[in-house]
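The structures come next, written out as structure tokens.
Okay, so chain A shows up in both of these, paired with chain B first and chain C after.
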Partner chain A sequence: MTSNQLMFILFSAMIVVFSILTVTTRRILRAAAFLLMVLLSTSGLYFMLNYQFMAAVQLTLYAGGIVVLIIFSILLTSHISQKFEPVELKKSIFSALAAVAGAILCILTILDYSFSATTVAAQEVNMKLIGKSLLSVDYDGYVLPFEVISILLLAAMIAAIVVAKKGGPAKTKTPTLN
Partner chain B sequence: MITGIPIHYFLILATLMFFAGVYGFLTRRNLITVLMSVELILNAVNINFMAFNRYLYPHKMEGMFFSLFVIAVAASEAAVAIAIIINIYRRFSTINVEDAHEMKY
Partner chain C sequence: MLLNTISNALSTLSEPWWKIFYDFSSLTQAIDEGLRSSLSPFWAVTIEMLIIGVVFLLFYALIGLFLVIAERKVCAFIQNRLGPNRIGPYGLFQTIADLVKLLFKELIPIKNADGFLFNLAPYIVIIVNFMVLAALPYGKGLHAIDFNIGIFYVIAVSSMSVIGVLLAGWSSNSKYSLIGAMRSGAQIVSYELSIGLAIITVVVLAGSMQLSEIVEAQRTGWFIFKGHVPAFLAFIIYIIAGTAETNRGPFDMAEAESELTAGYHTEYSGIKFAFFYLAEYINMFIVAAVAATLFLGGWMPFHVGNWEGFNRIMDFIPPFFWFFGKTFFVIYLIMLFKWTFPRLRIDQLLTLEWKYLLPINLVNVLIMAFLVLMGWHF
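== the complex of A and B ==
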């Protein structure tokens, strides 16, 4: 067994175990910590695939940004030591059935399909090339999605501020009519 | 491509992660944990894009850029979702999806 395979097994075992723990643990802060482990292992996989830039983006944006945001909102909205009540047995069984059936179907389809191996030489993905393609208008350029995503980020930022801003005095709950 | 690891391994790994996210999305009641399940699903799709790009089209960069944009969308989605969750908490004092069912302002 080569070191590549060893690293892949390590990362994939971490991803599978921690993603299942993320959705089953009953303490919310632990779920966030497990999600962080999943995202870190995913970044390790990107390093193995030789996409250093994407691995760095994954580390900074997902592990550094989104998880911190989630942890902050957990601290704002729930008590740390609070435990969820266990999921109803019926609901959990049906959800697990749906998930397992879907997973088996997908895995069988994947194993059935033979992906044709390519013989093209791999392209060196370096920072210079990424920057040039992001801002180029050629056939291989991505300037339009780049601009669209920047407008989306601006809109999301403004929307988040407007939505989370403290409004007027909270409306008292009106009695329902029936 | 990585020697000794066929592309199927990556796809199966992403499948397991995706359906773990689906299970969480179906069973969780707390809005923040639902959001975490969605992040799991998006991350699984990103792994697929990167593996396809590296194994089948190593001379192109489409998969990489697509997952870059997916990450940007996920970030903005998380920001807006958490703003909405905090607003719901302020109004209902709970973020349980079954207690906060009233949409009337």
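== the complex of A and C ==
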């Protein structure tokens, strides 16, 4: 067994174990902490593939951004004494079935693809190449998906503001201590 | 056997030992070759990683202890006192005595706290620190990992340290801790924007995110001089935002003693408290080291354009000492802020970031891009 395989087994075991813990724990902040571990192990896999840009994006967007947002909203809304009730047996059986079916579908799709093994060492991805192809309008350019995603994010932001405002007439201002 | 290999490697070095300070790559190569000649590649890499890990542990402890005593001495200097002066010459061993005391202190278990998260939080903060320290260039050839996205990696990883603070605040089951954690979270998340944009200004000037290349690009002059006004503005914004990122005064609402007793680490005792305390100082070191690398040339000596003689004289000071000299200069600046300015209110702090620093920063990046496009920088 090479060190590469060892690290791969370590990371994938961490991903599997912490994913299961995320959905089975009954304390909400622990679930967020386990989710953080899953995302960190995923970025570890990217580092192994020598795709450091993707790994750093994973760290900064998911671990440093989304998980912080989730933890922040938990801090604002829930108390430490709150615990979720254990789920009914019927519900847990059906969700387990759904999860297993999804996993089987994914595994079958992956096995269907014939991966050709190469002996070429993994190359570092050039940062300038990523930046240029992200903003290129040529055949291999990604400028259209890039812009579409930014519109999606804008829509999500507007939706968040609308949900937070909840419509209705604006309340009269109450005097505050300032 | 391991020690034998290393001493053999050291004895094969042809130069006198002090030459190592000018270029560490010959030393690291000698150790690498020595290990690889006697061991399989797997074990060679494992042992190298172990050596680097131990070196970083020692470095972490030493820097932390030194910064605590330095802070007390600087504070005493500003307040016209002597500071600690009983243990060792000039009180230099005071922090070692403090550390021993903290090690022996009882770890008080908190009733109704979330034990798992309570214990996990200090380790997250410490591990994040280590991950950042590993990517910094300390001297010529003294660079553990040189990613091609180096500076982006540093921002990405250091953005996670807030998670440790938030977990600590919530799992303590205490109002003071929770409020401290919320304040700290709001502060760190918003000031990260300014830090990121200030760093992008330098990346635009350097044309690379690799830390070794950024340092190399400053051979003919540091970026703070090369980039005219925008680079200088970016440096000031970086220092302000960096001070806020480390939760230090005047931005220390997260642990304002007069309001929150100690903020998010109120409930921690003994060595776990020491972890938070140490992590805070190492964070300050990281902020200062990144400032030194990006704006003040990293380990590159002070060079002025074509002044051959002057540059030669400057080259006599080893790069290693240049790096630490610059870093400690920035640390001294940050310490001066803490002991000079009064603490801001939380709304003042957020106003400063969102209404002043962020717009200035955005315009600054634009001006810098224009300068680089026109080729007006040195």
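Keep this in mind: the second predicted complex is superposed on the first by the 138 of 178 C-alpha atoms of A that agree within 3 Å, B and C clash if a C-alpha of one lies under 4 Å from a C-alpha of the other, contacts with A are read in each partner's own complex, and residues count from 1 in each chain.
The rule is short, and it goes like this: a residue touches a chain if its C-beta (ideal position, glycine included) is under 8 Å from a C-beta of that chain, and two chains touch if they have at least 3 such contacts.
For clarity, every value in this text was computed on a predicted model and none was experimentally measured.
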Clash or fit, chain B versus chain C on superposed chain A: fit
Chain B versus chain C as contact partner of A:15, first or second or both or neither: first
Chain A residues touched by each partner, larger count belonging to chain B or chain C: B
Which of chain B and chain C A:102 touches, first, second, both or neither: first
Partner chain(s) touched by A:2 [first = chain B, second = chain C, both, neither]: both
Chain B versus chain C as contact partner of A:74, first or second or both or neither: both
Which superposed partner A:110 touches (first chain B, second chain C, both, neither): first
Touching partner for A:91 - first (chain B), second (chain C), both, neither: first
A:36 touches, of chain B and chain C: first, second, both or neither? second
Minimum C-alpha spacing, chains overlaid - chain B and chain C, in Å: 14
Overlapping contact positions on chain A, where the chain C interface meets the chain B interface: 2, 53, 57, 65, 74, 76, 125
Contacting residues of chain B [partner chain A, same complex]: 1-5, 7-13, 15-24, 26-30, 32-33, 35-37, 39-40, 43, 46-47, 50-51, 54-61, 64-65, 67-69, 71-80, 82-87, 89-91, 95, 105
Residue numbers on chain A that touch chain B, as the complex places them: 2, 4-5, 8, 12, 15-16, 19-20, 22-24, 28, 31-32, 35, 38-39, 42, 45-46, 48-51, 53-54, 57-58, 61-62, 65-66, 69-70, 73-74, 76-78, 84, 87, 91-92, 94-96, 98-100, 102-103, 106-107, 110-111, 115-118, 120-123, 125, 129-130, 133-134, 140, 142, 145, 149, 152-153, 155-157, 159-161, 163-164, 166, 170-171
Touching residues (chain side chain A, partner chain C) in the complex: 2-3, 27, 29-30, 33, 36, 52-53, 56-57, 59-60, 63-65, 67-68, 71-72, 74-76, 80-81, 124-127
Interfacial residue positions of chain C with respect to chain A in the complex: 42, 45-46, 112-114, 116-117, 120, 147-149, 152-153, 155-157, 159-160, 162-163, 166-167, 169-171, 173, 178, 181-182, 185, 189, 208-209
